[in-house]
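Chain IDs A, B, C, D, E and F follow the sequence of writing; residue 1 opens each chain.
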Amino acid sequence: MTTTRYDIGLSKLAEIDGNAGQNVIESLQSICPDLARYTIEFPFGDIYQRPQLDLKSREIGTVAALTAIGHCAPQLNVHINGALNVGCSPEEIIEIILQMAVYAGFPAALNGMFVAKDVFIERGLIKA
Amino acid sequence: MTTTRYDIGLSKLAEIDGNAGQNVIESLQSICPDLARYTIEFPFGDIYQRPQLDLKSREIGTVAALTAIGHCAPQLNVHINGALNVGCSPEEIIEIILQMAVYAGFPAALNGMFVAKDVFIERGLIKA
Amino acid sequence: MTTTRYDIGLSKLAEIDGNAGQNVIESLQSICPDLARYTIEFPFGDIYQRPQLDLKSREIGTVAALTAIGHCAPQLNVHINGALNVGCSPEEIIEIILQMAVYAGFPAALNGMFVAKDVFIERGLIKA
Amino acid sequence: MTTTRYDIGLSKLAEIDGNAGQNVIESLQSICPDLARYTIEFPFGDIYQRPQLDLKSREIGTVAALTAIGHCAPQLNVHINGALNVGCSPEEIIEIILQMAVYAGFPAALNGMFVAKDVFIERGLIKA
Amino acid sequence: MTTTRYDIGLSKLAEIDGNAGQNVIESLQSICPDLARYTIEFPFGDIYQRPQLDLKSREIGTVAALTAIGHCAPQLNVHINGALNVGCSPEEIIEIILQMAVYAGFPAALNGMFVAKDVFIERGLIKA
Amino acid sequence: MTTTRYDIGLSKLAEIDGNAGQNVIESLQSICPDLARYTIEFPFGDIYQRPQLDLKSREIGTVAALTAIGHCAPQLNVHINGALNVGCSPEEIIEIILQMAVYAGFPAALNGMFVAKDVFIERGLIKA
């Protein structure tokens, strides 16, 4: 019996994104289940499981990139949760979003920060 | 006597980017020295000196964001050097650029990787 | 009597986008009717009516581009409808959006796929 | 007693964005008050107060850029208000958004125009 | 005899961009002369000739947008020349590029500023 | 004996991109051979080999997306070659790049067209 990329990816996805990742996968079933499968296999089964970089650093990089790209609010929400799940502190997450004001401009940083605010409120880390 | 944002920024810039950062500053003198000053004061004097996130994590986030944004090859070159200067290993830098294939697509990751290749060759970390 | 670019464009717009295109045109009347006129004249009166590429291929390219650009959900909705109207199958549309995971990253592909899901539900092609 | 960048920025922010800018600042207090402070100090305390370009031209440039970037609807709303506040006519604002069809494509221009429509309705400049 | 959009556009293009615009048009002849024609007709024959906004403000907006978009160095070069041709001062052009640090990040502003430096050196406004 | 995703991808890559794709793969060997492997496995071994969309349509979509994204000239060069290799006519490729003026603006379309010009000259389809 072999452990497949799908198995590794599913386990890694649960470790990082918990239910949020699972919800994305489920919402794809009626339209393109193969995109769900590829999302598990490539990002999580191939990339995130590699030992060359710790999960905290991976999530710092992902939160930075999604904030900078700017049109990925749903994925940024998932990965701010993921960053918290793998051990980033709220202060570290706020800090890397703030830093994006330098590289992607203040609007991108502001929009990213408001996604973090939503996540932190939902998790009871700050008051609404 | 007070230490100004400019002084703090200049010191932080030297710590992270070394000569590469200094070259950018000098090349602005004939066209817009104020942009050089703001580049020292805001990114380096305000943001990078904050204690909430270590410099290694800051550079991981910056390399991720610049790879994802895609039209910032000169700045990515500077910050891959910066990442090495503050203690990121070549493997960690390669890894965060690779990860951007997931979030910004393969072309952005490929173009970022070729910038890293240039830097690593220049620093003698790999052969041409 | 001559057929103007406006006439050609209006006819081409109706052929491709049906009511969805017409709604965009109408919603511009109180703010900038000239943008409505240019939208009819240039994209539809000049470009889409050219014989060098069939309408199915044009819509494949437009769905790909709008998915990749990422901040154009309303226009992507209109053109997924347009692609169906000119003969693309649902499977072909899903497939070109999926392919954008390679070029623009998984978040862009996921967000594009959820726009397709909305359109397909609205047209009764899949269940909610 | 010295006038600080913060004081200058707060005054400039009030002149340009009025309550809209103030609301953004307040909404950051629970998540990252430092981003609010930097937003006042750098864009408004450093940049907008410089005498080299009049405020009308600054807002024309900002509305153009935010329309072109495309994922900054909240900031575009604030700066369309700002453009009106510093003396741009509704026609001039519509015109620069329209011009972005050339540089960023019709979807970006359309999405920007609909933000302008919201602002103009809210200010009673056009009917809903 | 009627003045066509093409005639109006060609005249407007010459007024704004001089030879730089003409070179772009000529370089398209072997690959897609229709793109040259549309570039004359829509941006210059339709948009830039409209009376609702003066040419200086149009070029301020275009320089801002092209700096922010970031992957348009050749067009930014043409329009920095265009801005000078229609009466913007070098200081005003520098200033609007500088302002883009706020909205599109420091890398975009730096890259835009180096394009301006090239143009200003070529026109003898600053020394190499 | 099983045919792996890598085998399928390598064969598909050769079919579409010929030597151009192979050169990209080789240039990654000294810096990140895993990115070369993933580029073969995911885009070509997973996506391009799927039967839901013909290769001509896939390349139309890719050329459209890479033109619109704008900072991917090397990859656009490879895929304009790829489009020709799988049966797109030069006219169809020119046409989809032209169409991007509508969705991503004239600068993106112009820059994409000049990449096509380079490819067509190199392949002897037009004169320099």
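Keep this in mind: a residue touches a chain if its C-beta (ideal position, glycine included) is under 8 Å from a C-beta of that chain, and two chains touch if they have at least 3 such contacts.
As the structure is a prediction and not an experimental result, all values here were calculated from the model.
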| item | value |
| --- | --- |
| Where chain B and chain C overlap in contact partners, by chain label | A, D, E, F |
| Distance in touch steps, counted as few as possible, from chain B out to chain E | 1 |
| Neighbouring chains shared between chain A and chain E, ordered by label | B, C, D, F |
| Per Cα centroids, the chain farthest from chain B | C |
| Rigid-body rotation angle, chain E and chain C, from Cα fit (steps of 5°) | 180 |
| Reference chain D; chain at largest CA-centroid distance | F |
| Euclidean distance of C-alpha centroids - chain E vs chain F, Å | 30 |
| Between chain D and chain E, centroid-to-centroid distance (C-alpha), Å | 23 |
| Centroid distance [mean C-alpha coordinates] between chain D and chain A, Å | 30 |
| Contacts with 2+ other chains: residues of chain C | 38, 42-43, 66, 68-72, 75, 94, 98, 100-108 |
| Pairwise touch network: line, ring, star, complete, or other | complete |
| Chain B contact footprint on chain C (complex, rising order) | 68, 100-108 |
| Complex contacts: residues of chain F adjacent to chain B | 24, 27-28, 30-32, 34-35, 38-39, 42-43, 66, 69-72, 74-75 |
| Chain E residues touching chain D - in the complex, by the definition given at the top | 42-43, 47-48, 50, 52-53, 56-58, 60-69, 72, 75, 91-92, 94-96, 98-104 |
| Partner chain F, residues of chain B touching it in the complex | 70-71, 94, 97-98, 101, 105-111, 113-114, 116-117, 120, 126-127 |
| Residue numbers on chain A that touch chain F, as the complex places them | 38, 42, 46 |
